[in-house]
Amino acid sequence: MAKHVKPIDRGGYKEHPYVIPHMTLDEYGPKFKDFFTLKREKGILEAKFHTNGDSLVWSAQVHRALWQICTYVGQDMDNEIMIFGGTGKNWIAGQDETTTMSEEENRDWMIYDHMFYDGTNICEGFIFDLEIPTIGVINGPGFHTEMALFCDITLMADNAFIIDPHYEAGMVPGDGIQIAFRECMGLKRANYAMLMCEKIDAKKALEFGMVNEILPPDKIYDRAWEIARKLMTKKRAMRRTTVQILRAPWKEALSKELRFAFGMEMMVTATDKPEHTNDAWNDLTDKQRKNMAKNAEKMEKKHRK
Amino acid sequence: MAKHVKPIDRGGYKEHPYVIPHMTLDEYGPKFKDFFTLKREKGILEAKFHTNGDSLVWSAQVHRALWQICTYVGQDMDNEIMIFGGTGKNWIAGQDETTTMSEEENRDWMIYDHMFYDGTNICEGFIFDLEIPTIGVINGPGFHTEMALFCDITLMADNAFIIDPHYEAGMVPGDGIQIAFRECMGLKRANYAMLMCEKIDAKKALEFGMVNEILPPDKIYDRAWEIARKLMTKKRAMRRTTVQILRAPWKEALSKELRFAFGMEMMVTATDKPEHTNDAWNDLTDKQRKNMAKNAEKMEKKHRK
Amino acid sequence: MAKHVKPIDRGGYKEHPYVIPHMTLDEYGPKFKDFFTLKREKGILEAKFHTNGDSLVWSAQVHRALWQICTYVGQDMDNEIMIFGGTGKNWIAGQDETTTMSEEENRDWMIYDHMFYDGTNICEGFIFDLEIPTIGVINGPGFHTEMALFCDITLMADNAFIIDPHYEAGMVPGDGIQIAFRECMGLKRANYAMLMCEKIDAKKALEFGMVNEILPPDKIYDRAWEIARKLMTKKRAMRRTTVQILRAPWKEALSKELRFAFGMEMMVTATDKPEHTNDAWNDLTDKQRKNMAKNAEKMEKKHRK
Amino acid sequence: MAKHVKPIDRGGYKEHPYVIPHMTLDEYGPKFKDFFTLKREKGILEAKFHTNGDSLVWSAQVHRALWQICTYVGQDMDNEIMIFGGTGKNWIAGQDETTTMSEEENRDWMIYDHMFYDGTNICEGFIFDLEIPTIGVINGPGFHTEMALFCDITLMADNAFIIDPHYEAGMVPGDGIQIAFRECMGLKRANYAMLMCEKIDAKKALEFGMVNEILPPDKIYDRAWEIARKLMTKKRAMRRTTVQILRAPWKEALSKELRFAFGMEMMVTATDKPEHTNDAWNDLTDKQRKNMAKNAEKMEKKHRK
Amino acid sequence: MAKHVKPIDRGGYKEHPYVIPHMTLDEYGPKFKDFFTLKREKGILEAKFHTNGDSLVWSAQVHRALWQICTYVGQDMDNEIMIFGGTGKNWIAGQDETTTMSEEENRDWMIYDHMFYDGTNICEGFIFDLEIPTIGVINGPGFHTEMALFCDITLMADNAFIIDPHYEAGMVPGDGIQIAFRECMGLKRANYAMLMCEKIDAKKALEFGMVNEILPPDKIYDRAWEIARKLMTKKRAMRRTTVQILRAPWKEALSKELRFAFGMEMMVTATDKPEHTNDAWNDLTDKQRKNMAKNAEKMEKKHRK
Amino acid sequence: MAKHVKPIDRGGYKEHPYVIPHMTLDEYGPKFKDFFTLKREKGILEAKFHTNGDSLVWSAQVHRALWQICTYVGQDMDNEIMIFGGTGKNWIAGQDETTTMSEEENRDWMIYDHMFYDGTNICEGFIFDLEIPTIGVINGPGFHTEMALFCDITLMADNAFIIDPHYEAGMVPGDGIQIAFRECMGLKRANYAMLMCEKIDAKKALEFGMVNEILPPDKIYDRAWEIARKLMTKKRAMRRTTVQILRAPWKEALSKELRFAFGMEMMVTATDKPEHTNDAWNDLTDKQRKNMAKNAEKMEKKHRK
């Protein structure tokens, strides 16, 4: 007859004593410190992306960190809800011009490793790698807001906007934004928004059903925490399986289309050599440029070691 | 050479004389009298659920009667349109506390027979078992309004609301309400409504496209009959095949997800033992409690025989 | 506090004492006696269709009885497994020429009520109306064997064959047979079989994966009972939910295509006036003709009353 | 080793010198002159349907020309964007009563060749046969506006409306309009609109997300050209593959349902013999009747030759 | 009241006298003479691709002609069945080395116009542009046999084989062959065949259910004609709508995946610059090389004019 | 203007110097040593699961390690192909009776954390978390062979078999095995195999198309390495994107059904309390029992520290 071993009590859940332990926040937290401020209270993990402590400046290394964090957060059983958003005044403040690799000289890397592989894994990260409720916080203006649309609940600052700059930048909108737009505002509106690079302000985004609440920028994280705490009052398995049901249409949509459509985008990018880092994506203030330069210096120093 | 037999003329349609006759309203009507007031005029069947003549009080026996009526109404060729809704001031007035079976002692029954089997068959009943147009009438406040959303046309009283209390009650929203919400207001709004137990009033329900018309409670059945009579002016096969086309997305959605997601809900329910009859679902007035008690007495007397 | 009522013990399952009782075999059995021999032992229901005690002769009244039995068997909680098949030497022995209604004079009935409505409901009956495992027994030669393919397990007599005679008869194969063929032998083989009216014998049917076992005609029902008894050894909810999972692809396929494709078949039938009762479908022996005539007499007498 | 041949430079694109040349606007343009005014500037093709230079009057010959133009425009590599819409004050001014074939005497033609074949090919023409962005211009009132909904961007005159007259005319809405309505306003609103023949004005159409912009009738084509020129500023392969991604949901929806549902519509039409040319579809002014008569004369003269 | 115009009798069908006439075989036949031998008898069109009268040598111009013929054949109402296959001993004899354009200098053309646009349109041509039954004849060895798999019925010469050389040639199998393989032999076998470049001989292809009949090369076209004549014995609308039902799974599969997956193939091709014209694809005999050279000369002369 | 940083050359690929480095085999390898023997040569990773150096004995800790390895292997860019299979004579040798946790006392853990969460993540791990080709090696008899079916290529020892013991063990087959069976042998065969617990030997598995090659047990890993080396001869992005296309049907199937159906399985398990560790799953020899006991001791000692 079976002799039973005793479970380890992990607070909210039990664990078999012989399993390979998951990596803890203490272990993976430091890896992310250049890209994310991570804070956890009673199972609620707040992950705010940043560059040198201020609004994020987009870069190849951020592009990868975005799905890496989903993998690490997802495998950590001590995370029960994730609040995900930006830092400071902007969702994303621009594109980093100081730490780029030459796309000309590193074409294979640029098309497959950087764009296709990292890009598809970001969308899949939010939808497939996290068992737990996610709250996206669009804390201010910036591009790539579709990451917040992939969250289960989306809050939007009243001064933010949603836009797909692909067409304007000479690129095919196939990186998952087309799925987010279509699911969140319907086919007809989505197609127009993508072809015309429509700038959708908070009021319209709410009216279209793309986001769930509009808030002043300085209240938005408080509200996210309020929602998270409310969701935490219910039992763990219920909370986790609920979001798995709610995300089912996202899963099917991504499975059917994400990698394929991304391939179409990359086919054109690989042929046309569009200037990805065009002005449409950049709106950097002097202050941001300075911060970016400082960060580049810091990164160089760090990785030279 | 074939010798032909003569059809039986049934008013709106012909019938082969040797078929097994369907059960008529006279035969099945009396079975439902404790749960439904049934009235038929020129092919339009009005089915109003009730408890002892007033607003329905939810119970295990009602849960079963709801799909049973779809089966019986569906096989009766003399029904051409169904108006479906509540009685009195409420859509549903609360949960019956006087005729429950012990869930503790009857776990198998509770999970499979009562919840899963009856629950999945209700949704499938509206979508698969009825060939005819259906008009759902949300005559007043109450839960489980998703049954009216599954109807082809939905009318809503101006004082009614739509809410999914699952999460609040510690249950997974997998009983079909997630399909109704998603199809009727889009993914993003639906997921928020389910996680936050959002109370959607009539104005918002119309704006979201969840319902088709808002009416004062005392005019709502008149309008349902007006619509039904208008629909009846057209030919029978056209009317029936039209709704079969309109319901195709419902059919595909239910086929793909209903029983599966219901299983997820029940997995958690069977493990967590949530207090299903929690306060969120009950809002009974004294008058209702009295009516409920009276009904329990009547039922006991009836079934003791 | 809730006062609990006691469940009724129904042998294999419990029932709330106040539910509307389902119709029992004693009640619905007699309705079917001209079309089905029904026998039940410990939850296993054997339903053998017949005409006057011998192999079935196809007719409009049979066409309807086939889905009616699914509705009645499905709502009867005392049925736990259904064995479904033919009587005597043939699966179906031919088409009844003695009890037909004039298709010329009853066009509406023929297209909608007889063909479309009854035809779609047969396929849906097997897949949607029965919660329980089904074992199809192709006991000998005959057309419309696709009904057995829709069962969860299919046994085939070594002298039987599977054929789709639509194209040969000038009809579009859209009544569900196209779904059964495609799911059971793959797209390429199915399309050839339908265009070429390929006669698929038992050996080939097994090789193609259309059926599960080949048996001598006189052993086939014994084997069906053996399988049924084996399946009955396991618990009720497990048995029922298992087949719901196994049938999921059938449900999705029927939901997406059945009624629509049937409409295409009927569009052509309504326009072309094909001679539906053509020779391809009839292969009647003298003995069968005599039986059919005798039956017609009996039916006339019965319905004259 | 391969000796290379030189490409032909076609302005916006290169062509292998040995391919079979596509038909040019000069070749196919004249074929369409009775049905379409075609104008092309720098890759932007404006195709305005008309009858005798004024608003189109619907007819069997137009029904065919609508998909023929998609085929011809689609194979012409020199077309890069299509603007598609009506002429004069109306989108469509009514049904032609002067050039009809007898539906009674030509039933096969009416059901299959005219309705099913031409009808399905119109929807497929817009979605499958054109690689390029399409801008639909609903220039004024009229039926069959769903053709403009199938375009990638849809502009609507402030005095126009969208309506599905099928049910009112005794017909099943299965010709693709049900797909357009469902995709453009959601299931619940679409089903109501089809059952109730709801007249959706421009304001509501915009609010529902069915169309993208509302404009005064006299400014609408200017705006279409403005949009087209904006879209043309980007590279060719990007522009073309972008719309292929945007149209993916349309493609899947049409593939799954269009022909099948059309079959259901035709099944009923072939059986019921509805008066297709009923008043609901006709709203002709005296001026229009005169124009129509003049056109009939012209057509007769032309085809008598 | 309507005055009726008389239909034109076209043999098998009627036509409205005022429609824009389709292009006839006399008009489009000559365009194809360098690529296809076209022969039509009583509605059966035999289209055999060739190079200079012998087995086809693959080239950019052929790649386009393959979908062009589907467009032209499809719009010609006088075609009722298409037999499609190769000429001489081989299905395809190799790749043309004498009429290539420089892929280096014409990258945009190569990726988008030549590969993506022509390539996707070939698959769509067979499935979407033809209303009529198609019989694919794999008359001998050669690559790109998937075109014959897309036909409704597929005959295979006993010395032929089916192979996907993509992986071996350093290319992603995303041009539609992955759909054909998956639909015709199932997921597991298909994935192995594509990764391992498995050479599937006729016996195995039949056993896997990829093809319908194996024949000696010299009897294969006779059999195709025999089948075509058999199919022609039935009525036109039935024949055409039947294949539309049979092709439904192909349509859905292509709509969901073809263009997207092709984009993934091209993303890699555009990045990797694989040597597309590699040895894996070429197996030319001296005789073929001579024929190819002769053809190149002929083409040059023709197009120099 | 942008100043470029230099990529790090990682052998087969380039990496941006500032990305968060992935965990290397040196880092994660040791975590897995109790469950997997990991060996890597030139990008080919062989992962053989084991218990104490011999055939694996199934346990809760293994159940979790199986998806953990997919996560770790998947994020390691230095893995290019994975060979996955068992150790010694058996695929899996039985169930561990010495390290179990009490299911009675840890119901929440058992249903959600152990079964549902770990179970769904195993299937998703193979299909979603690995970008690279996978070769499954069924090296001998044992249950849960469906993990090898989820690999892109499957090799099977001639003495192995495939069986689904769910039904026999009183459990619902909803843990993903139903998807693997259906995709690999078709609906009809799969449903029979699951209801009847059919033991499918290697010959039949090959004939059904479930596996790709049969080999003697002592040659099977050599063959796997041979295939892996062959696949490695082609370029990296091509190899990786190819398997993403090949896996698309798996992705869609898992997204639509896996978690939902698993919920149905668990609903019944949570209600019925089936004896999961029943005899059907256990076939342990004395030698294995000794090994298991020794391992239990080792584990206890290790985790006591």
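When the chains are written out, they are named A, B, C, D, E and F in that same order, and each has its own residue count from 1.
Following the convention adopted for this analysis, contacts are C-beta pairs under 8 Å (C-beta built on N, C-alpha and C of every residue); 3 or more make two chains touch, one makes a residue touch a chain.
Every value quoted in this text rests on a predicted model; they were computed, and no experiment measured them.
Trainee: Spelling it out: a chain qualifies if it touches chain B and also touches chain C; which chains qualify?
Mentor: Both-contact set = D, F.
Trainee: Which chains lie in contact with each of chain E and chain F?
Mentor: A, C
Trainee: Which is it for copies chain C and chain D: same residues on both faces, with over half shared, or different residues?
Mentor: Here the answer is same, because the shared fraction of interface numbers exceeds one half.
Trainee: If you tally contacting C-beta pairs, which pair wins, B-F or A-F?
Mentor: Answer to which pair has more contacts is A-F.
Trainee: Which chain is most remote from chain A in terms of Cα centres?
Mentor: In terms of C-alpha centroids, the chain at the greatest distance from chain A is C.
Trainee: Counting only Cα atoms for the centres, state how far chain A is from chain D in Å.
Mentor: Chain A and chain D have C-alpha centres separated by 41 Å.
Trainee: So, what's the distance in Å between the C-alpha centres of chain E and chain B?
Mentor: 52
Trainee: Counting only Cα atoms for the centres, state how far chain A is from chain E in Å.
Mentor: Distance between chain centres, rounded to whole Å: 44 Å.
Trainee: Scan chain D for residues touching two or more other chains and write them down.
Mentor: 108, 111-112, 116, 174, 185-186, 237, 241, 244-245, 248, 256-257, 259-261, 263-264, 267-268, 271-272
Trainee: What pattern do the touching chains form: line, ring, star, complete or other?
Mentor: other
Trainee: How do the chains pair up in terms of touching? List each pair.
Mentor: Listed by label, chains in contact pair as A-B, A-D, A-E, A-F, B-C, B-D, B-F, C-D, C-E, C-F, D-E, E-F.
Trainee: Help me check something: in the complex, which residues belonging to chain F touch chain C?
Mentor: It comes out as residues 166-168, 170-174, 178, 182, 185-192, 194-196, 208, 257, 261, 264, 267-268, 271-272, 274.
Trainee: Which chain B residues qualify as touching chain C in the complex?
Mentor: 1-7, 13-20, 31-32, 35, 59-61, 64-65, 68, 71, 75, 77, 97-102, 105-106, 108-109, 111-114, 116-117, 124, 128, 131, 236-237, 240-241, 244-245, 248, 251-252, 254-256, 259-260, 263, 277, 299-300, 303
Trainee: Please name which positions on chain A make contact with chain E in the complex.
Mentor: 107-108, 111-112, 116, 174, 256-257, 259-268, 270-272
Trainee: Which residues of chain B touch chain D in their complex?
Mentor: 133, 149, 152-154, 183-186, 209-212, 227, 230-231, 234-235, 237-238, 241-246, 248-250
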